[in-house]
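The structure's right below; bear with me while I get my questions together.
Going by the order they are written in, the chains are A, B, C, D and E; count residues from 1 in each one.
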Amino acid sequence: MKNQNVLVIGSGVAGMEASLVLADAGLKVHLVEKDSLIGGQTIKFEEVYPNMECATCMLAPKQQEVLQHDNITLYLLSEVKKTEGSLGEFKVQIEKKARYVSLINCIGCGACYDPCPVSLDNEFEEGMSQKKAIYVACPGALPNAPAIDPENCVRLNGKKKDCNACEEACGFDAIDFTEKDETVNLDVGAIIVATGFDQFDVSSLPEFGYGKHPNVYTAMEFERLYAQNGPTSGKLTLREDKPIKSAGIIHCMGREEKGYCSGVCCMYSMKFAHFIKDKAPEAKIHEFHTDLCIPGKSHQKFYDGLKNKIEFTRYEDIEVKGKNGNLEISYTNNGKKNSIKPDMVILSPAMVPSAGTENLAKILGISQDSMGFFSTQDQNLSPIDSEKEGIFVIGCAEGPKDIPESVSQAEAAAGRVLSFLQ
Amino acid sequence: MNNKQIPNIIGFLCNWCSYTGADLAGTSRMKIPPSLKTIRVMCSGRIDPLFVLKSFLKGADGVMMMGCHPGDCHYQKGNYNARRRYVMLNDIFKTLGLEEKRIGLWWVSASEASRFAKVTNEYNEEVKKLGTNPAKEEIFL
Amino acid sequence: MAKAVKIKKNVEEGLFDFLKSLLETEKIKGVFTLKKMDDNGAVSYSLITSPDEFKKAVPLYPFMPVNAGKALSSFTLLGKTEEPIAAVLRPCELRAFVELIKRAQGDVENILIISLSCGGVLSLNLMGDKDQESTVSKYWESVKKAEISPDTRETCQFCENFLPINADITVAAVGNKDLDKEFTLFFNTPKGEEFSKEASGSSVSEEIETKEINDFKKKREELKEKFFKETQSEDTGLKSLVNIFAPCLGCHGCSHVCPICYCTLCEFDSKTHNYPTSSLGSDLMVKGGLKVPSGNLLFHLGRMTHMAVSCVSCGMCSDVCPVNIPVATIFSKVGSSLQKEFDYFPGKDIEEPAPQGTYKEDEFTKIGEQ
Amino acid sequence: MNKNIGVYVCECGPNIPERIDIDKVVKELSSLNEVKTVKKHSLLCSNDGKKFLKEEIEKEELSHVVVAACSPKDHENTFMKVCEEAGMNPYLFQLVNIREQCAWMIPDKEEATSKALKYIKAGIHRVMYHDPLEKKELEIKVDVLVIGGGISGIEASLSLAGPNRKVHLVEKTDSLGGMAGKLSQILPHQGSKIKLVKEKIEQAKNNENINIYTSSEVKEVRGFLGNFEAVIQSNQENEEGKVEEIKAGAVVVATGFDLYDLKENPAYGYGENENIVSALEFEDMINSEKIELKNGKKPKSVALVHCAGRKEKGYCSKVCCLYNLKFAHYLKDNLPDVEVKELYMDLCLPHKQDQSYFDQAKEKGVEFIRMDEIVKTKKSGDKIEVEYKNNDKTDKLSVDMVVIAPAMIPSKDTSELAELMNLPLDKSGFFKELHEMLDPVATPMEGVYITGCALGPRNIPESMTQSHATSGKILSSLIPGRKVKPEVKVSEIKEDLCTGCQTCLSVCFYGAISYDPFKGVSVVNEAICRGCGSCVGSCPSGAIRSKHFTYYQLYQEVMEALR
Amino acid sequence: MNNNQKETKTNPKKGKILPAEKGIREEVLNIFKKALADNIFDALLIPAKVPNTDAYSWILLQDESLFDIADPLPPVMTVQGGRALSSFSKNGELDLKIAALMKPCEIRAAVELFKLHQIDLNLVTLISIDCPGAMPLTDYMNDPKKIGESFKKISEKWEISESLRPACQNCHRFSLMDGTASDLHIGLVGENNKVTLIPNSSIGNDLLEKLGFEPNDSLKEWESKKEKLVKEKTKKRDAFLKEWQEKTKKTDGFFNELNKCINCHNCMNACPICYCQQCYFDSQTINFKPETYIQKTKEKGALRFPLNTMLFHIGRMSHMVLSCVSCGACEDACPVSIPVGRLFSMVGDQTQKEFNYVPGLNREDPLPLQDFKEDEFCEVETPNECEEKVTEEAK
């Protein structure tokens, strides 16, 4: 393999790690990210199990490294549109959407948000907070510069052609409405796919009342609710801003439907119990699980630490009812029916392939497995090699897994590439 | 000190968590008492008890030690050392009848801008209550 | 229960003979103990190899010219002695030695440690005093009666750790009415027992902790309370501290004689802490005046952060203070509080690391989270 | 050397002037006689800003530079680069944070201005005490020492060995392959039907860049990334005790795992009845294709017991459920009418393909029984009776054969090796990774990596992945012809002040400090030190200096803050 | 260094005599009150009594209220003035005008330190005062009231009392000497309830001028009284020297005096001349293996701990004795009451005579060991050449 360029798709924890290891080795890395910021899902977490470590503190240095690394070229708001060729000689076409904000000029002072007339749901915050048409996903997002959402910006979508509120507010003429989407063509030797995962859509399971009852949360919503840089800047409350007295956490949302166990939900569900206990020590917490899947040397200790603080129940089947705002979880535990009335329900959904997976699979010319994740060759020989030599699949793009495993795979992919080069 | 006068607070912040948290507080335009002067060290483990003592004897109305939460230390264990050193100082102050409140230790992570704002403002008020550090005007030190 | 041998002799000469025989039979090659210098009443620690010189040895003489722990450390700084040595130390000196060993400043191997249930030592300024001898005999009387001798150091008067830890052989002195007729040697360790044969006496079954001892302990604990209170003067806080240390000359004698202050060069003697002339203007502006040389309090507080947690309350520092500052009492007060905080007993266990060098992840977990 | 200090205040567009009276600042600073020149600029980090700064440094012949602008996190490197380009030592530069931690947190302009002044003055006095630090470069070896010849070790060796990189693979037994070598077949549903391990071993043997040392042990390892020295001792009869010293740039520890001793808990009845076998013994049966009871008959019913040792050890070993499923499948496929009962606590099937494997087993008629724990396993007639508890009520089942799946535990020489290389262990006695989340194969000793079950229970794919991960880390840090650049802002010990008490050794997490018994002083290995400065705070003699964060430098900041 | 001091030597001495109804201390303080008020100085270095304690210490006085605790003639010498002065003037440039009111021995120490660049005298005005001596530090701390009282009496009568510090009893340099040490001298031995100001340099003259004093008064009274006292004390000193030379002549008499030493190094730390940041003898640069010590022991039968106490004293002596100002600070600080001050003073006396050097007499005199004359001590190694030289010169 002659070509010393590598394409990395996705800038989550796995994508970043792979890029850094390769870049440190002196390779040129092209890192493509569809969002306006890097860090993927992990930066949404306040703390990660089992050590309840602060995820932002843990990742910020890595993000900075990625942004400052001479060997990494970052393509934000970008997607891969075409690929051809094979190991050592891939041709890649990337579509880079306009950000309308110059990363060189902008110093991230944030003066431009307030003037913007448009406000929308912030999907980064699971719609729990508002953002402007010119926005950063959350405080501390990196790169620390906003982007303009062309669909909703009244200037760009033509609703108010003369609006230049943000432009005026900006002291660095960082805003450039004339910026155009562009197409970038690259020659790379190898491709690493790290497109991560999405949450199983729990609203497809009506019996859990998500969307119907306001205080039924998804895992990701709850992560943001707890986050210091989230919509409530860390204040744990019910939608109607009341303190939490009791909560039910239901595992395995979509395990049956999907036909696999995601391997991480048990742990993060227990992490939630930990969160609540941390901020509302009096709160009663009830974990409903099927099999407890807590592999690894330190996870069970986490469980043992919790099990006398909160209630664990193994359910055969379960549902969430709600009458005028009051929630009820009714479940059967080996044969016996039973129920509780928590004021908050958290649903822990399975991890599913990220939205673009099918499309990207076509573009890369690699196949998906029965569950929709990118399929790899023989799990034991080479767990991260796709059928196509030179294309590697890492992190949750390859299947549900936790952070350490994703990072291992990232470093492994780098290892594979580098040993090709030896 | 009358309310006009602002107290003098020295903050020793670890580079990886607390200092970043402080920066974030700035970026989020949170109001932080001007009395606080931050000093960046690589790790809370670097905070030599003598720095704290000297700041106190030189008349600092308050000294804040800040680092990553236990377990989050960028250097793995530095903050545990910091914690012991703080405990020691605090104990010495108590035993000698000095105002132990003039020294404090807080864990502030990189994302905890709001916590940084909270603790600094609270401490600022506390120090105001304490009044001027007697060491400031003490001649016979 | 430790092997005990009763010797029908005056304790001083009994121990003397015991050591002498060890030396003559070459069971040991040298004795480290107190020795009379000459007629002016001065005694000092010496390593003695010749039986002839040993005549001048006075193992139990109630003075502590230097902390023997510190002396032994300078002797074994570069490693263990190859030839076996016997050393007579007071409990606090022994604790100091242990603390120093922890800090790689000494080595106990091949040293037979002999200590005693300690009645305290006389203040150094009584050394060479004209009626020294009578003071000493008064002292022994109080030891027999297990009473607190007023001529002893303040720290000794309130020392409740007067029974040695880690001693191979212990001389039972305190509370023995017939001290000038008979006394008991306790052989606490296998190492000690090797030498029990040399003790010409009858083996008895006794415990070192007698009722007298425990009462004595109580008395001293009460006194400790009292002395600790006294260190706090009417005006509280900084002012009181300033007043206590006001006479301080900054001679740093306290740190020079302190066994725990093992640094070759004290940080506070270094340029680092000199007064920067540049800040004179601003200091005078604020204060209207400035004590010079300044920095005494920094020195004392700083020294505390370095050693108080290991303070063995031997009282050397108070004794050498030319201006009678109760240094020892203050440090001992801070020390005992720190030692409680870190659940640490200086000199107890050579293996136990000093608090500065270690931590537990699950301690003080409340701190920093408020 | 006389100091030419230049101070440059960045306006950062409107950001700083909004809250800080920059002209006042510049005016007041100009009055200081310490500084040679004070200027402001609209945006120093912009290209013309950098150009301006560079020219200034050259024009004014500055020896020291202070820039008052944003947080060091943002632009410290940017400006240090500029200083370097201007021919200055970049460490004679100080960035003062008057944006994030001043302008942006203080609404009152007056207060903000006076605080900014304090900060900048502090910066000026600090920079006067800066030392011109030099970046070091160290020659490196690129060869790698791999300890442990199991599947992880082999895979690591294979992906590391190359034309200009030798690998020394040390295995303490007389053959490669480790535990995986003993397995009948690797989980079929994960793809491989082939005898994977044997193949890998062959590849390793035929690779001329891999030196294999069987029946050998690593006796000593010292050094740091790029420069390790190791002593390998052979235990082969013919060359008993022969030692060889090798040099390597990195070390991979792949010492694998052992199995929980079933005898520890009598409830399993292991050893008391020949028809109660451990999973490993059952693998042998499969290998020899003889699944039969001791009396030679084929079993009519088999109980597969999961989670032996989980409660005792306090963790789930992750792989047992799966290989029990593998056994079930095998039994059903080879003895069609056999009754298979699986006794499990929780089914741990975290991998995407596992669930279906489980479902297939169900379809084949394998019976799955939940239990909280095994109470007793005893002979009754020619059958074995397994008594178990499930939600507080006990149940029995009786079978011909019982297969018990023991937990994975640290291999017995783990602690010894940890001692040898001063690597930390976790609560369960496995090696501890440098960072459980972000650095799963690294250790506090830079250049020493760990892979596979030496880190804790994991399956073969994960072990393989980790082996590739270690090679990734190593291949990117040890490149032939390249030098390693150790951290510059490290600690140093003044020999004449050091008393040799070794307190610093105990607080240094990275083992960067060692004790020199001849000089009687502690010594910092700058190649290992990460510059956290914990040792400085611990030294009573004030003998340790942490470069760029020295006592004087920090003290200046304190003094200015208090003026 | 201040050149225009030379001519002051030749000046016929005249001064200013001030009445002191409110008592001498008050009057002296008044002079400085005025000086500070008129900004002649920024600060005054003077001993003061720490409020609510019996302790004395040096203060740099700026705020007038502090005059209430200031005391030009305290009953004890706490820190040696020279040491105090250097403590704040050696680390950087002094940018304040400072007046230092000190005892003659402290002035002498200051001058020695000035020669060693441990004091920056540029903006400092040295003011000496007739010194009645001081009481032993420990005695005072043991009973401040009693000792304080008796000092009052002694100082008023200028009596050479047994209860004074030995150094003070034997001090014949308690007043102004014919040298360029101080800029202004305050004479007290003159007529009762009079304070005599004697300018001793151009700076001193300017000072008087600024204070509005014409230095026209004759100094006869003061000089005669002073001379008388000097004679007495010199006699006492010679006696002491004689006695101690005897004492230390007999075999290891010298060492016997020191055998109480416990190595606390208080003497060194109290000594103004021991200016070293860190003493060579603290940095026990040589450690031996236990065997070596045992070997040494076997040679002598016994080895004294702490080690090297003798080395310390002799070594320290070799470092500083030529500049010893006989202030007695060392003896004050000794916890085991070794007459270390007298020993050093006695040895100092001899060696200083050898180089005919009086420490602290003149600012210009180079330190003996920083300066040598080619033909001095030639007898030491080459007696013959020496004779030749002498004879040649004779021709």
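To be clear about the criterion, contacts are C-beta pairs under 8 Å (C-beta built on N, C-alpha and C of every residue); 3 or more make two chains touch, one makes a residue touch a chain.
On a predicted model such as this, the values are computed, not experimentally measured, just so you know.
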I need the common contact partners of subunit C and subunit E, sorted by label.
B
State the pair with the higher C-beta contact count; candidates are B-E and C-D.
C-D
Starting from the Cα centroid of subunit D, hunt down the chain whose centroid lies farthest away.
E
Among the chains here, which has the CA centroid at the largest distance from subunit B's centroid?
E
Chain with the smallest distance from its CA centroid to the overall CA centroid?
B
On a C-alpha centroid basis, what's the spacing between subunit A and subunit D, in Å?
24
Centroid of subunit A to centroid of subunit E, CA atoms only: how many Å?
78
Compute the distance, rounded to whole Å, between the mean C-alpha positions of subunit A and subunit B.
35
For subunit B, which residues are shared contacts with two or more other chains?
20, 27, 29, 49, 54, 59, 69, 71, 74, 77, 81, 85, 139-140
Which residues does subunit A have that touch at least 2 chains other than itself?
51, 53, 58
In subunit E, what residues contact two or more other chains?
50, 57, 59, 66, 283, 287
Interchain contacts, given as pairs of chains that touch:
A-B, A-D, B-C, B-D, B-E, C-D, C-E
Across the complex, what residues on subunit A touch subunit D?
13, 17, 21-22, 24-26, 48, 50-51, 53, 58-59, 62, 64, 68, 104-105, 107, 109, 111, 171-172, 255, 259-264, 291-301, 304, 334, 369-371, 373, 377-384, 399-401, 403-405, 407-416, 418-419, 422
Subunit C partner contacts - residues on subunit E that touch it in the complex
42-43, 45, 50, 52-63, 65-66, 78-79, 83-85, 87-96, 120, 137-138, 141-142, 256, 259-260, 262-266, 269-270, 277-279, 282-284, 287-291, 293-294, 297-298, 300-307, 332-337
Which residues of subunit C touch subunit B once you look at their complex with the stated criterion?
232, 236-242, 246, 267, 286-291, 294-298, 301-302, 304-305, 308-309, 330, 333-334, 337-338, 341-342, 355-356, 359-361, 363-365, 367-370
Parts of subunit B lying in touch with subunit A, wherever the complex brings them together:
16-17, 20, 24, 27-29, 68-69, 71-72, 74, 109-115
Subunit C contacts subunit E in the complex at 29-30, 32, 35, 37-38, 40, 42, 44-50, 52-54, 56, 65-66, 68, 70-71, 74-83, 85, 124-125, 127-128, 235, 242-243, 246-247, 249-253, 256-257, 264-266, 269-271, 274-278, 280-281, 284, 287-294, 319-324
